[in-house]
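You will see two complexes here that share chain A, one where it goes with chain B and one where it goes with chain C.
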Partner chain A sequence: MKRTFKGIAGLVICSVMGISLAACGGNSANAPQAQNGSAAGGDSTKPVTLRFSWWGNDTRHQATLKAIDAYTKLHPNVKIEAEYTGFDGFYNKLLTQFAGGTAPDLFQFTYEWDNDMYDFLLDLKQSKSLDTSGYDPSVLKNFANYKDKMIMAPAGATSVSLFYNQAFFQKYGIPENTEWTWDNLMEIGKKVHAQDPNAYLLTADIDVIYKLILQPYVAQMTGKNWINDDYTPAFDNAALTKGLTYLSELYKNGVLEPFGDSSAFVGKMEQNPKWIKGQIGILFDYISAFDKYKQSVPGGQLGVAAYPMAPNAPQSGNPIAAGTGFAVNKTSPNAEEAVKFINWMVNDKDAALILGAQRGIPATSTARKALEDAKQLDSNITKGLDLAAKQKTIAPNVISINADLAQIAKDSLQKLIYQKETPEQAADEILKAYAPKLAALKK
Partner chain B sequence: MKQSMRFTNAAWGLLFISPWIIGFAWFQFYPLLLSLYYSFTDYSIVKATHFIGLQNYVTMFKEDKDFLPSLRVTFLYTVIAVPLKLAFALLVAIILNSKGRFINVYRTMYYLPSILGGSVAISILWRFLFMREGIVNQVLSFAHIPAVDWLGSPNVALWTISFLVVWQFGSSMVLFLAGLKQIPADLYEAGMVDGASRIRMFGSITVPLLTPIILFNLVMQTIGALQEFTAAFVVTNGGPMKSTYLIGMKIYDDGFKLLHMGYASALSWVLFAIILILTLLIFRSSRSWVHYEDGGKN
Partner chain C sequence: MLRYGKEPALTGRLVKNILLLALGLLMIYPLIWLFFGSFKTNTDLFGSLSLFPKTFVWDAYSKGWRGTGQFTYGTFFLNTLMLVVPTVFFTVVSSAIVAYGFARFQFPLKGALFALMISTLMLPQAVIIIPRYLIFRNLGWLDGYWPFIVPAIFACYPFFIFMLIQFFRGLPRELDESAVMDGCNPVTILFRILLPLCKPALFSAAIFQFIWTWNDFFNSLIFINSVKKYTVSLALRMTIDSTGGTVAWNQIMSMSVLAILPPLLIFFMFQRYFVEGIATTGIKG
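For the complex of A and B:
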């Protein structure tokens, strides 16, 4: 307890203080290194190892691992190292890997990251190994291409759907063929909660509230995307206020599960104990997530219905998006082999049968036909897509899903939900904060 | 002769610690310097980097409406968690300082939570314990105490994650235990002869002689609390309404979610400066309350 103790204490304290700084320093390789990635092809028997990373749930992991097995049997010279996780953190990890020069050769990708990742990705148009003839031209235009490059090979088409617990609907006398509008969602939700204060018609985390409730609700009024292509908000104060008022009413009327309870399950609504216990009737998510909700709902009784539509809305705000697919790291020394593997995954019949609809309904005609012929398309998934396809929609754009804009809106949404702000105040706040951010993004 | 011997000794010494030195230089010191450089740029991982001078630091204080509230939350958290944790650690150390049959088993058991530490798994466990339908509320309901919205209420959530840290009292507790063992028994004997009560002895003998350890624990825990990240990130994700939006989380969000890595670096350096100043203040104050047996002269 004398000098030595003071000395040691001082040393330990100094080293601990520095930790937070080192955490931010990260790696040195900041700018994407230019390399002649696509040129590296070589002969087809040379042994190559590809690192392939993707996100998803267990069923998708199993299917993808099987596909890798099948492909490496066909091409014994190719070894594929699988790196798979859940969606949470996938994007951050991938970006950090790019910054540090350790990114995988190929990976699952979504067009939502186009703007951030563009510089790192191989232009698939330059590659002769990818056959794009099976894609619908609009799919290529809206989801595969960005600026002057084709940066993603879309894997499947998906859209937002309304999943419901069939037993819950029976219990509260809700007809399964209800055509959902925003108004009857509110009315029926009120009745459910009045009947049982522990039950809620709907649950939603902050991402779902922003992306799958507020944005489509407003889009059904305006007939446009969230943000116009010229970087101006596509809505005015009145439309936004209306959307926010509706949202706060959902909470006030007990239609939506209280925010505090659902906030522990952001991105994993299937783990919400109320959903598992059957005390929640409906949730909104992409139809490709059908399996995980089916597995978590009591008795596996999960139904699919059309996403709510306001009567006479000019569009649904719920486009069918072939937004998920595969992209190639342009610095990969085996880029051409990676493209060949992708080509097999999206076009080959056997691959289609193995991969199923784990990334949505296959985006190429050959793969879709293979699944249809083998009667392997889950009827619920096709139903969800068909329902979405019936409604008029417009093609989504990348600026509408910007992370900064999302953060601004989500902060105000929380103040609204906790009743620290009125819908009018929240709308003002969002629009005020959007203006400088959009101006900066436009530059 | 003697000189060269000293030289070889030093060389050998350096050689032996070189793995650590290289590791430190490459994984800590270099990133540290780099983050200082980045803090003057608009580094974003994905786009070209420009030098922007003090712009990040200006933005922080002038434009960022989350920065000061987030600092406030961090201080509040520190003020709640650190004293609670130290008091709890001292209490357990005093109990475990007794001579019982299985005392070593108990000591190990009480240290266990600290080994599990602030890991993600424990934080997830915490989330399930404290959610509205979690075990904590169920236990309370047996005692007819109404359910508390531990994670969903902006006024309560910060306390909930503070408890998570208090629960990891082990390392402080072990130091206190070592300190308690150092206190000469004859002081207590003298106290007893003079008719002092146990509380009096605790206040006049135990606490003064433990002050060096208290100082060390206080400084270490304060530094740790100001940098806390896992609990807020996993248990509450900074919410509800940013009531647990610690500065560590903000740095993460700005850096990795919004890709403003340069700005996040600047935030880190401001945090570093704050920690440094606070630590110096605590040391300065220690002159008036820390008691060294030898008067601190050695």
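For the complex of A and C:
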């Protein structure tokens, strides 16, 4: 009995030691946060620490770090802590941080998250520090605003483009100035595959199939978005069936690389060995990815062409999107300082020259002009955007890019691709599954 | 020496060794590929299956080490050590103490507490991550290494406790009794008699914990924000971005090669104890 007691006492002592150690750590970790809080006042000379998080690759990190340096030299009272990483996991981490009340003061944001994060974001209209005069009003309306609040300051414009391998086109005698329609895509694709069974005109992962082939194809028929603003599908069964039939024909005729081969490269089509070896002619992706495809294709011979359009289509289904930008955490004690920094990043000429086109072509006129004057814009990227701008298009809405709806459609698409379902069955299945989901989202 | 059956013939031994060699090569091939991959260009990496690069890239290591320019991998390795070393140390110490308690003492509610401990072993990570995050936030420990070290101090790794309990049970109680005769108290019994005998199990726990913590990505991602506090596993993901831009894969691979070296060395150095520990926890005295 005595021995037992001593044993327990030993354990208790150990745990008490543990607690006191832990408490020390807590205090020291708390200290900088408390400092942050005390600097909350609006005085512009008081020292302020801002946490700024973004995602991207090496060049974007370096450009942004340089911009931070330049800004803190102009405003010595502001200290900016950079938190940067790759894209994967960024969304989950940001949501966790919002839930835990530990989100950074400002961060890179995309309008695709409007619906999920709306409640946590500052209304930039309330802030006098952001000059929005350089933005195209339609960009503000379509991408910056959501439910009557302005939650994002768009950083740059991008749109979907058709990338093609120039050597591939020469080999199969495809003119580079072809005006692509869905029909000639099918015809030429058939010929290519007939000449060489290892070659395919097109590759696409499941995201591209859904977002950049099926949705625009249907949108060019209906002239509307994927989902209407009143949460009803903007297409009927017949239109969807037609789109799905076209898709299954692409596979049956060997126009699209077999799904099993391409599905290993979701979101990283530039790593597809067939593309690298020049056995694939065309890719669809956002024009901002030009650089990565140029580096992956043999000899860097990459061309940009207009996205396929059906003749007489009322709209292209390929809007110019100010996809990403900056948003501010509503609960940040230094929100005003964060907005000032954002204002500098999107409007200032020097900032534009430092940031370049790392977040797409700058969305404000002053920044874009600064880059054009300094001849820093890649002509291919401007070309891609101009081609997309020429087509008639309508503004995208947030409900059309809902992730749950995408998952429903992708599940059925895979059944279609593996020929477990006919286009008619798949269309029925998608519409049936959409109804309750849309009803739930509307609430 | 013990003999099991007949000594195999020369040809038999040859066949066996060649088979083992081939199997070993198959196992280690990914590592070899990773090593050569760090000298390849992106086109080479994704365009061909051959092991050797067509064009050698020599500067992947120096460029990769520099990171994005703000902090070098020196910082990230140091950070990882600052996280991993205390975590491993406290895990081993605290788990041994708790296991000792369960293995050698009778106390009220022992059965219930043991069942509770085992049930936390079954609990999936995903279930507890949010409450843990909230607790650590309230304590003000986020963006630091306390969320890793403090649970280690409090023996929050039931797997190791369980492993050590099994080992303690294998040691004869007579040892404790004779130690008491010689004037030992429970603490000195643990540190002077039992722990030296437990070396294999302790090393196994340390090796496991080292490798798991070193490789851990998810917890680091959730709990650490500042780039200057990034661990190696976070740093490796820093520039992998699927949304645009080019990723210099050879730099990431070269840093991956460096990142797997410490766990690899630890494993090979302490392999002997590790095998003993695993093998003997199952044997009852």
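Things to note:
By definition in this document, the second predicted complex is superposed on the first by the 402 of 443 C-alpha atoms of A that agree within 3 Å, B and C clash if a C-alpha of one lies under 4 Å from a C-alpha of the other, contacts with A are read in each partner's own complex, and residues count from 1 in each chain.
Simple rule for what comes next: a contact is a pair of C-beta atoms (placed from the backbone, for glycine too) under 8 Å apart; a residue touches a chain by one contact, two chains touch by 3 or more.
What you are looking at is a predicted structure, and each value in this text was computed from that prediction instead of being measured.
In the overlay built on the shared chain, the residue A:T96 is in contact with chain B and with chain C. Of the two partner chains placed around the shared chain by superposition, chain C is the only one that A:E81 touches, whereas chain B remains out of contact. By the touch criterion stated above, A:H61 is placed in contact with chain C alone, chain B being left untouched. Using the contact criterion defined above for the overlaid structures, shared-chain residue A:R51 touches chain C, although it does not reach chain B.
Contact with both chain B and chain C is seen for A:P273 once the two complexes are overlaid on the shared chain. In the superposition on chain A, A:I394 makes contact with neither chain B nor chain C. When the two structures are aligned on the shared chain, A:A289 is found in touch with chain C, with no touch to chain B. Between chain B and chain C, C contacts the larger number of chain A residues. Contacts of chain A with chain B, set against its contacts with chain C after fitting on chain A, overlap at residues 3, 6, 18, 21-22, 25-26, 30, 96, 99, 273.
By the touch criterion given at the top, residues 27-28, 30-36, 38, 43, 45-49, 66, 127, 131-133, 149, 151-154, 179, 182, 212-213, 215-216, 219-220, 223-224, 227, 235-237, 239-242, 248, 251, 253, 255-259, 261, 264-265, 268-269, 271-272, 275-276, 279, 292-294, 298 of chain B touch chain A in their complex.
Interface residues of chain C facing chain A in the complex, by the touch rule stated above, are 42-43, 45-48, 68-70, 94, 97-98, 100-101, 104-107, 130, 133-134, 137, 139-144, 146, 149-150, 153-154, 180, 185-187, 221-222, 225-227, 234, 237-248.
Interface residues of chain A facing chain B in the complex, by the touch rule stated above, are 1-3, 5-6, 9, 12-13, 16-26, 28, 30-31, 92, 95-96, 98-99, 116-117, 119-120, 206, 258-261, 263-264, 266, 273-274, 403-404, 407, 411, 414-415, 418, 420.
The touching residues of chain A, when paired with chain C in their complex, are 3-4, 6-8, 10-11, 14-15, 18, 21-22, 25-27, 29-30, 33, 51, 53, 55-62, 65, 81-89, 93, 96-97, 99-102, 104, 267-268, 270-273, 276-277, 286, 288-289, 291-292, 295-296, 298, 358.
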